[in-house]
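Both complexes shown next keep chain A, but they swap its partner, so chain B is in the first and chain C is in the second.
Presenting the complex of A and B:
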């Protein structure tokens, strides 16, 4: 054995050992490739969405313009796509597949935002209260039953929630209520979409908020009790503020999920793109528009097909902002108690 | 902060020997109101936490009722349901093709996502130096987990279905699902690898093993139950996903796929196609389909929980 050629630890110069080292190096490279693949996925999403969205606005894909020298021509203007003046005048119309097409995306952006805000009104208060109950009040027996139940709620596929909306919430729950106002509810309604997306995001808010509350050190609670605080005071004035960044992170995650939610809102809220304040009327979200395109037979290269990617890009950017915000909150929360 | 405001609101109570003086001090505090407030608050948050439970119960009740009504009133034959493909006519429609498609989708998704996902997890846990690239990969991972599922469908639609031109085939659907569950598999595999104690690794290094030998022969075997549990849960998520399959083009297909290059419609897309029909017969077919889907999901979860409980104490 020659120890002078390689001063490293272990048996050196041995053929088997160098072989093992080589294999170690190769394994490391392959595994790095696996990890880098996830970054490639994100880049591919960006590339595909932008490339195809460009063809919606300029008549040819970005790659076609660069590599094939196709001249850009104006198809749908960005100003037309996000025309605020039409929105304020109440004339915004989203109908790319219509005989007289109109490309103002505000109605479907409104649909997505309306569902998101409505769902947040359901999931945030109920989810936070559930988290407080499970974390601070529930006995171990209750907790051991409540938490798996919420996990089941989180594990149910979105299509089943959609079915629940179209077969139960809308006709059985909301139908009679709409009847009281003298409104004849259709198959779809905005309110049913809000409710069903709210219900499906409750477990997200509650489980992440509860984790944050559990991470609050008991010293803080005991300190408050020693001062004569009641359990209510401890829960509301000590635990909640101490866990606030984790709680906010859960809200953002729930909102992000609601923005991208597809099947439940499609089956609950419908396919009629309009801006309305009537909770019993049918609306269309961005995701529902994509589904309606998938249901139809829009050929490649048509403006309807291209609009899919423009809408997808808007959707992706909205959730991206939410995810980055969520990351930021989570990092703050981890720094505080570790 | 909040402690300060509490201190201001409540004067110092004093010790037990000063109880009388303490009571005088507390005379201005109405304890009954405090108790009432506490009880009302508990009632409120208890009711709120029951909301989710009630919603789940209603959902299951609704599905089971519709399932029952479908079988009794619409005379949906379960034998036909499990042996016949989909159809435009509700009385001839079955679920066979969709079940086969979903099973094939799941197998392909597992193959496509497992190795890359576990590989990425090993790299991040065992090899990755703490530098900018690693931080980028980690930040990107948490972002990928939040990308709406429909966007993965768009990616595959543009890149594979129309880009390369493979058409709406089963393989394209499983690529979309594999990309979708990849972050879930990576995160759960990371947790399983992290749970292997460092003493085990150091013991292996002490015998002169390289890092890769240690990982392959020591770390992975003891992390495998955890990794498999996470993978099964991720696949359970994949099998219920509808939106990516819809974007890939899995709709209105009523034939059983015979291989990864056939057109297909999985269980969730078939349920969607039925639920979106105005006819009540189709709605009840959807309910029967949902019962099948939920049963499969439930058994996958049961297997995952069984694996976890069996091996949790062993390590």
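Presenting the complex of A and C:
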């Protein structure tokens, strides 16, 4: 056979192959650009948050101190901001704009925590039960109607939930109950905030938990049914434990959402920062404070205004803790199926 | 379980096999004119069969012939499939399991099942074995029952020091024996096995085969298998299903493999089709 110097459409690549390679390269650059944009935005937000929060505590932003040589001066001390002694004495007061200002953040931290815990008591049991029903009990017809309904619930704008609370939950549902205890309910109440945020986050718990339950292999269900398990046995002792990491993730997401929830909770729970055990009284969450401050009359750069960023930083830390908790739980409990 | 654990372990396989075959048949399960449909498709057509007590009955046939469907009829696992419809009679000790007053949950407590793919729960080895007893409200000596079941499944010596570790950490063959232990722990009468060795390597499969032979001392075993050598090795009786969900031959295993009545069965067994 004679030696062929031209290997034909061989392995060195022709124009089409070069084109394809170029396209692939451009696609890679565009995708990387988008991913980098997301990361940079997050970093920028975090940077602005910390930079401004520093000025709340030291009278000047971190960048001003570093680049313009502004001397730090003590503004609001961290001890003042999170004064536990005042909290325990029942004297904690959050009123940065008051004639005699007070910068103890515990009342609004309490507001956020109370709403979050109260909402979790609504969303976790109802959401989990809904997920179990949809995943294990419902017939395909019922499931095909229930799932879109839950998605609609998840898609309602939060402001609408806020009006639902202010126009219905508080006056119609809670008003008469408060009346039984001889309490005159105002326009806002802590309980109304808990309920509305709880209802808002049910779809989050139910849809993510249901996805986790659906991912449990049918082999496991059949194994249990073959042992004479009822649907209840299978749901409680096979599906739920096998899906636990996903179910827990849904709880974390719902709680994170409740911590950061703003519009509905502002309209439901109100603007009066106080620590109280009375569920019918008005309280203020951190987010509600930030709304009222941002649209208030304080000049940008004043200590009152900069408190926005300090409170924002606390919120950020809370949700960060939830994320870390989620990661830890995932690593600890995720099951490997073969 | 009535038999002592010693007899389960020291059984001499070949002699016991003969002993078992000599016993007169007593029918535990009987299908009469059994039809199964998936929607409009007929999966089983007029099946008549009588499955004897304390013997191994193998069900063989080509893919899609209805072997597994028949097995899943016995403990009503087909109830899980919405489009599945069963006509005719399938009786367990003379009682039709498709009668209205039969509770499938109660039925499955007397008819255990082992699946093709090992499916241990993501729980500890101990909890896997104890599962059936727990849901049945057993409140006796659980440790003893778990040990007995694991010995019965020839797994005890391998796992006795790691009962708290996850069942998913075991090898495939061990997982399948764990599933057998799980099935026998509540002490059912019948054990259904749906190709229990097809996902295993040959060594693990042969352990399961030895085990099946021992299990037949105490339980009635019905096993679906793709592997004709396996059916010939381990079963006392063999049922051959051919395409269309028809049971074409049911007889002593030796007879079916050496001198089948149906020419089509001979063709299938000798590998002419299927």
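Following the convention adopted for this analysis, the second predicted complex is superposed on the first by the 295 of 338 C-alpha atoms of A that agree within 3 Å, B and C clash if a C-alpha of one lies under 4 Å from a C-alpha of the other, contacts with A are read in each partner's own complex, and residues count from 1 in each chain.
The criterion applied here is as follows: a contact is a pair of C-beta atoms (placed from the backbone, for glycine too) under 8 Å apart; a residue touches a chain by one contact, two chains touch by 3 or more.
Remember, predicted model here, so these are calculated numbers, not experimental data.
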Touching partner for A:284 - first (chain B), second (chain C), both, neither: neither
Contacts of A:217 with chain B and chain C, given as first, second, both or neither: second
Partner chain in contact with A:225 - chain B first, chain C second, else both or neither: second
Partner chain(s) touched by A:269 [first = chain B, second = chain C, both, neither]: neither
Contact breadth on chain A, by residue count: chain C or chain B: B
Chain B versus chain C as contact partner of A:237, first or second or both or neither: both
Partner chain(s) touched by A:130 [first = chain B, second = chain C, both, neither]: first
Chain A positions touched by chain B in one structure and by chain C in the second: 223-224, 227-230, 233, 237-238, 241
Touching residues on chain A, where the partner in the complex is chain B: 10-11, 17, 20-21, 23-24, 27-28, 30-39, 41-42, 44-45, 48-49, 51-52, 125-126, 129-130, 132-134, 137-138, 146, 149-150, 152-153, 155-164, 166-168, 187, 199, 202-203, 206, 223-224, 227-233, 235-238, 241, 253, 256-257, 259-263, 267, 287, 290-291, 294-295, 300, 308-309, 312, 315-316, 319-320, 322-324, 326-327, 330
Complex interface listing, chain C residues touching chain A: 75, 77, 80, 82, 105-109, 112-113, 115, 117, 119-123, 131-132, 134-136, 168, 172, 179, 182-183, 186
Complex contacts: residues of chain B adjacent to chain A: 1-3, 5-7, 10, 13, 34-35, 37-38, 41-42, 44-46, 48-49, 51-53, 55-56, 58-59, 62-63, 66, 115-120, 122-124, 127-128, 136-137, 139-144, 146-152, 154-155, 157-159, 162-163, 179, 182-183, 186, 208-213, 215, 236-237, 240-243, 246-247, 249, 251, 268, 271-272, 275-276, 278, 283, 286-287, 290, 293-294, 297, 301
Interfacial residue positions of chain A with respect to chain C in the complex: 139-140, 217, 219-220, 222-230, 233, 237-238, 241-242, 335-338
